[in-house]
């Protein structure tokens, strides 16, 4: 496949996720970084672009500049898609503007700062015909693809129980008061919109729905701001009800002192259960009733096409976070190359070249808002809309 | 210490927990099985007693017979304590009767079939001065003792978060319809009182309070009877609030297909977190903020006195479930030998020779009833009383 | 089965393995401790016996006294078997004397202090018709039974490779100089005969042969006394060749600082491999070529009769070292009850009621002597005899 | 740092390691693939280059062509370094030729097909002043850097014991007969030179020396060709002696059916031990005598500069094989940028920007030859030269 030309908004010096996006985009040669507006500070943007080896004229002081300038370039030279890696409050506006200029969009999660913003993005997708990918990283792990396939194929029987959790400890103290840049914006209501539920809770909720194949319909949430003075939630838990009758729990906490990013999902059906943990991302544990537990491993020959298509190395040579991220970029690139052609959801599912998009973005924002409504309610169950 | 003479009610052929109680009682030589009423069927009782090597005259057709006959024996021959290992609905009556005859009581959990019954037991303890032990097994594991010591000593800072779970899969299908004896009574409302919340939920709740040093004050429960036709709950989850401000979640499910008895507790404070799982019961993982995770191991020299006193073998030679159970019996034996003397809670805590008793039994029943009330309520939070 | 009357030689106050033998003998009610000569110091013997609740007249000042006194008792009162739990140099003489008095023998490993002594024991077995059990504990673990069954059934194909190791760290410093009683005799050539190779190397060698079903025929050893001033080997490694063409390695070291007793065996055949580690003794990992790894767990329904017969509790309720030990006692009890009847090796294998005996004891001593000869040789391969 | 221009020899369609080298070279932007001779078949080379997005004129039919053509380009356009990813018998000639044309060399391991070839490469390095990197991947893992630092700093005390192993199962059957390309050349004496000892044994030997800081001086080897008809060794084990008195064992086998690439190293000193396994590459287990085991994790703040400099992501977001590989490329790039300046071994050690080079390559070839000599010898110990 021919390399696609990628621009970037945000991701300048000191950014964490910007560098991940760049490595992921380039890892398999699907994208080539062509231009960028790496910071709202033009000097930082220029320096960042230079250190990335971009010619100065393709490094912009603002995304508005970038869109108009790139759109004016000949088609074979201009940016084709743009990665938006800014804080949450700066997702919707550039995404909308990008699509209005004809650029496809990859945007970090959560999609926006409100469900309303997300709906606006949805409208622009419809009106422009542009494509959008949302980097819910965990959907890129091959063993998560495998889990989803097993559930879908009925290997576990009807799903009854979904336990999902994302425990972190990095915000167990008031890191935002010490000048930590990541902590600052992620605990700022104005820039983040929500705390733990937005930053990691949406990952957990997405994973629960992605693997189980059921949607969360109702939830009952407990939200806390555990650290003194923190302006957003840093700790969340919820009881869940799913569309096909499963129940579940969701834990998303940033005050689990000493924990890393140990996302974990367990799904139980009538015939068996499965378990995946980020700590051992290359394995998927499958327990069929009264049989020895089985350890599926990335790269092995018995895996589904969906898992195989998202794998590079033989089993035992670990792939990790960047590869999972790159799988989203790779699937999105495939989609862009087949624009206009018919790619059915069944094709995408079978091949594993699916990726989170606007529907998942809308659900994430609806999840955040439902969690917030539930937390304030004395009623047990709160409905997720849409 | 001199061996104590132990009688048993229930635990005849085919019983699971009766044999555990007997092995636990005898493992360290604290008790000697002296007599028993092993079944409501006199023939089974007689055969069970014979196969245990008891003389026929000390094997009784009913617990009433046993109490009156044993009470009539000379003090140096008669039973001193009785282990009650019958289904839940047959805990309170024999416990009360035993104490009225002057026999101390070890009773399997949950304490009774209702909070009301539990309160009656409490009154008889007060009126007779007899002692009672409740076999919440997990409180007998040395690494749980260690966890409790670490929390109490403030090593983790103020506790903010408690995650406890007890996932099982053995009832994921309608085992009670196939004549399985264990499944039959445990899913029978009349004999069990409650399902998952009584059988394993009380273990989880006890563990949460035991390790965290905080009491559950409010909960919000989701209870399900997942398997068609099942008369009791087989799946439970709850959001928890604790007496010193911690929040938490509790999962107790018997339909987690493929899971064994993997009780797991995680406790997080401002300075660190800890994690224990039944699957690796000899280890306790301690994560202090920004330090390498530490793996405490049973038998090691750096452990507390409380852990050391509940350990027999060098590290690496695994102890298990029977040993944990035996630790409760051992502590209870110590208590009986020092009857009349002053044993302060602080002494028991320091030495690790504490054991669950009437207070824990009452809390267990209050937990069950609160879970049931909450499950029926549309209100989010339900208070635990007492 | 009727309880057998057990005497004990050694195992007084401060002994480690004596208490393990007693708990193991009694755990399942197969044996009853009836008498003992617990120490060469009559006062210690008397005190030890008293604390174990034995009547003073059944506590002896020497094993010679015990044998003659017990032999003089009526058959229904006297000791039937004796457990010898003294240091290695005091195994052969009491074992021989016991059998000459008609008592069966359970003896801790290694069988003796020399191959020559072992052969004398063998002769007395033949001449008296008494039975002998050798407590190679690891052969008592149900998942080791399962491993053996799988290999025997050909599930792994012809076995090609055997990797066995027993790393410990407790002697990584000169503990024997600090008055530690266990360290003192175990590093004393006069009492132990050999160091690491006797104490743990024989376990490893036995396990390798037991699971693989092949005998070690040749070895090439490197023996070291790593700690300054130590009189015996504390570190050993060997290349191995087996009777049916497998090759392997054996590691037995007491200076692996920080290691507990993590015995581990891996066996690989043409069709698959298996792995068992003492650290996770309830699991057996089975890898069939190009299939997901399977985790067999003690207590599960799909296990062999041999594993099931050596198991007490449901899966997930851990059994440990004492249970493994008790399985040897239990199988030996079965053997004693069927004395005279025909118990074929195939029956024992199928049922799992086999136990290490004189053949394994001879092989252990031959292994020790071959390791010592090889260590001094400049030739690569040394033959094990017999 | 400015991107370096990289050429490649080998690595065309169907190559495994070629794609790894390309991803590793580009992951952090240190190198840019500029040209290549991807196959000895000009058509395959051309197609491979085209699919990589290279202009046709920079894709060559042979490495000889590439060297002469690139050398003729202006300095700011021509290749600066070349990655050699061909089978072992095609390492030395292009490496030598490359340096004679002034190109630096990255070469896959083992360095060559004989110690003699390796010495010729060494001479050309000396005569040309070019630099060479050898991709012993495992030296690129940050937790291996950390292990090395801990040993060097004396945290474990004097090192006594080194256990290293590389078990694989992929060649447990005659895969070379089924047309598998990787299996074909790796089991072909003419192209591979050696079997398991070259392909994975050199990794194990390098890791042992790298972490322990001691050199293997003597070894005693057992080499086998387990699979019928195989022309090279597929199974190896050795006893080891090290330069500062440690002893050890090495296992490198390709017939450990069901094993992936679970390289594992354990190093024990007087004060503590450490353990690293490829299966859990982000962790390093450190056991100090009589202290809780510690789990060091990649990305954590307490790690050495050497580990930190070889890490990209926060702890818990797994990095893997490609990142480890990229660390070697990154360190080599740093070296090339500072050509002429003084970079002391101490600087490289402290910073972690060291990489395997000619010395490690020579040692690898000497290891292979010593293993082969030892396997044929009846003498126990064989000396490694040089």
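To keep things simple, chains are lettered A, B, C and D as they appear, and every chain counts its residues starting from 1.
In this section, contacts are C-beta pairs under 8 Å (C-beta built on N, C-alpha and C of every residue); 3 or more make two chains touch, one makes a residue touch a chain.
Chain identities (UniProt): A, B, C, D = Oxidoreductase.
Everything numeric here is computed off the predicted structure, so don't read it as measured data.
Listed by label, the chains touching chain B and chain C alike are A, D. Contact count check for A-D and A-C (C-beta pairs in contact): higher for A-D. With each centre defined as the average position of its C-alpha atoms, the distance from chain C to chain D rounds to 43 Å.
Taking each chain's centre as the average of its CA atoms, chain A and chain D sit 35 Å apart.
Chain A and chain C have Cα centroids separated by 55 Å.
For chain A, residues that reach two or more other chains under the stated contact definition are 259, 293, 297. Against chain D, the residues of chain C that register as touching in their complex are 156-157, 160-161, 163, 165, 167, 169, 172-173, 220, 222, 224, 226, 235, 237-239, 241, 247-249, 251, 253, 255-259, 266, 268-273, 287-289, 293, 377-381. Here chain A touches chain C in the complex through residues 286, 290-297, 300-302, going by the rule given at the top. Those residues of chain A that touch chain D in the shared complex are 2-3, 16, 19-20, 23, 26-29, 52-53, 168, 170, 259-262, 278-281, 297, 299, 312-323.
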